[in-house]
Amino acid sequence: MWSRNNRLPVLATLALTLMAAAIALIFFYAPLDEDGLNQKIFYFHVPIAFTAYACFGWGGWKALRHLWKGDETADLESYVAIHLGVIFGLLTLVTGSIWARYRWGHWWVWSEDQLVLFLVLFLFYCAYFMLRYSLPPGPQRANLSAVYALFGVALIPVSILAIRLSQRFIHPIAFDEGGPNMAGSQFFTFCVCVLAMFAVAATLYHLELAGKRLDMRLRELREALQ
Amino acid sequence: MNYLADVGVLARKDLLLELRARDTLPAMLLFVVSTLVVFHFVLPAESSDLAATGLLWVALLFTALLGLSRSFAAEREQGLIDGLVLAPSDRSAIWLGKALSILAFLALAELIALPAYGLFFKPVDAALVGGVALADLGIAAVGTLLAAMATASRARELLLPLLFLPLAIPIVIGGVGASVTDEPARYLALLGLYDALFAIICWASFEYVVTE
Amino acid sequence: MSTEEKYVAAVYLVVFVVLLAYVFIIALKLQRLERELAELTELALQRKEPERKAVAVG
C-alpha cells in the first residue's frame, strides 16, 4: 500500500492540502495581535527556518548512515537533503530580511540571532557544494561530503551559542524579544504551518531524488548499451 | 602507547621538515607582522582599541590559513598520502600528528605576533593570550582535517578558506569576546567547548577523509 | 494596500516564486531525461534489429 510508487503523489497531495489549510488559517482564522501583520510573516518565516534545520539534520543523518553503515543510497539522499536545506535556508534569509525591513527599517540587522545564524550556515553549506563540485564522483567524494555534512550538524548548536554570546559585545543595547508569545489559536496555526512546510520539503525531496535516481539509471543503461 | 609513539613520529617529521626547508614558518611570521602594520594604516584615527583587537584576530586567522594550506603540501607533491594511509597505524594518528605540528607553527607565529601587537596597538592581557591558546587548538584540529579534504580536490587553495571560514566563526567570536568583554570566562568556555567537540569529531572522522 | 501588507505579501510571494522555480527546474530536468531515454531506446532497438541491408535475391 505504501509502496514507493505511491509515495510521491500522496506526499504532494498532503503538502498541497496542508499548505492550503495553513494559508487559510493564517489569513482567516488567526487573530491579529498588537504586533500587527508582523505575525503573518512569522507564520511562514519560522516554519521555513525549522524546515531548513530539519533538512540539514536529515542530510547529516544520511551522511552518518553512509559512513557508518555503508548505505549505498545514503550519499545521494544526503546531498539532496542538504540541497533542499540550502534552498529553504535562502528562503529563511530572504523572508527574514523582508521582516527585518518591516520591523526595523533595514534590509539586514545583526541583532537578530536567527538571521546571523542562517547566514553562517548558508555559507557553510554553500562550501559543501564547492567541495562536492571540486571532486570527481566516487567514494572519496561521498566520504568527504559526509564528513563535512556531519561537521555542519555539530556547527549548528555551537554557532547558536556563539552568536548569542556575540550579541553582548556587538549589540550592548538590550535587544527586544521578537519571539511570539502566542495564544492557542495562533499556536495551532503555527503548527499547521510547520507541518505544511515539512510536507512541502518532503515532497520536493522525493521528487528530486526520483529525478536523480532516474538519471543514474539512464547513465547505467547508456553504458551498458555502448 | 604505540598510538602516541606514531603521533610523535609524525609530528616530529613535520617539524624537522620545516626546520630544514624553512619556508612555511618564516612566511607566516612575516605575513602576520605585515598584516598588523597594514592594519595600523587601515584603522582611522580615533578607532578604539577594540577595533584593533578585532583586527588582530583577523590577522591570526589568515596567518593560520597560510600555514594550513601548506600543511599537506609535501604529502601531496610527493604522493605520500597513500604511504601514510597504508602504514599500520590508526589513521587518526596522521591527523593528530599533523595537527600538533600546525599547533607548534601557530604558537611560534604568535610568539612574534602578540608582542608585535602589544607594541603597535595595546598591551596584551591574560584573557587575550588564553583566548589565542584555546583558539589555536580549535584551528589546528579543524584546519588540519579540512586541509586534508582540500588536498584531495582540484581547487585546493581556493577550497580551504571556503571550508574553513564558516567553521572559524565561533572561534573568532570566542576569541574576540574573551579579549574585549568584561567576562572572558564565558567566551573561553565557548572556545573550550568548540575545541572539545570538534577535536572528537575530527579524530573520529579522519579515517574516512583519507580512505575510500 | 498599506506598506505593512505589502511586506507580508512580499514574503508569501517570494516563497511561492522560489518553490515554483524549483518545480520548473525539475521539469526541465525531466525533459532532458525523457530525451535521453528516447535516445537510449533507439540504441537498444537498433541492437535488437540491425537495419536490414539490401540482399541480393535469386
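Per-chain numbering from 1; labels A, B and C assigned in written order.
Just so we're on the same page, contacts are C-beta pairs under 8 Å (C-beta built on N, C-alpha and C of every residue); 3 or more make two chains touch, one makes a residue touch a chain.
Only a predicted model underlies this, so the values are computations on that prediction, with no experimental measurement involved.
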In terms of mean CA position, the chain most removed from subunit B is C
Chain occupying the middle, per Cα centroid
A
Starting from the mean Cα coordinates of subunit A and subunit C, work out the distance between those two points in Å.
25
From the C-alpha centre of subunit A to that of subunit B, how far is it in Å?
31
Hey, how far is the Cα centre of subunit B from the one of subunit C, in Å?
47
The answer for subunit A against subunit B in the complex is residues 67, 120-121, 123-124, 127, 130-131, 134-135, 138-140, 143-144, 146-148, 150-151, 154-155, 158-159, 161-163, 165-166, 168-169
Okay, in this complex, where on subunit A does subunit C touch?
23, 36-37, 40-41, 44-45, 48, 87, 90-91, 94-95, 98-99, 101-102, 200, 204, 207-208, 211, 214-215, 218, 221-222, 225-226
Counting only contacts in the complex, subunit B reaches subunit A at residues 142, 145, 149, 152-155, 158-159, 162-163, 165-167, 169-170, 173-174, 176-177, 180-181, 186-187, 190, 193-194, 197-198, 201, 205, 208-209, 211-212
Per the touch rule, the subunit C residues reaching subunit A in their complex are 4-5, 7-8, 10-12, 14-15, 18-19, 22, 26, 29-30, 33, 36-37, 40, 43-44, 47
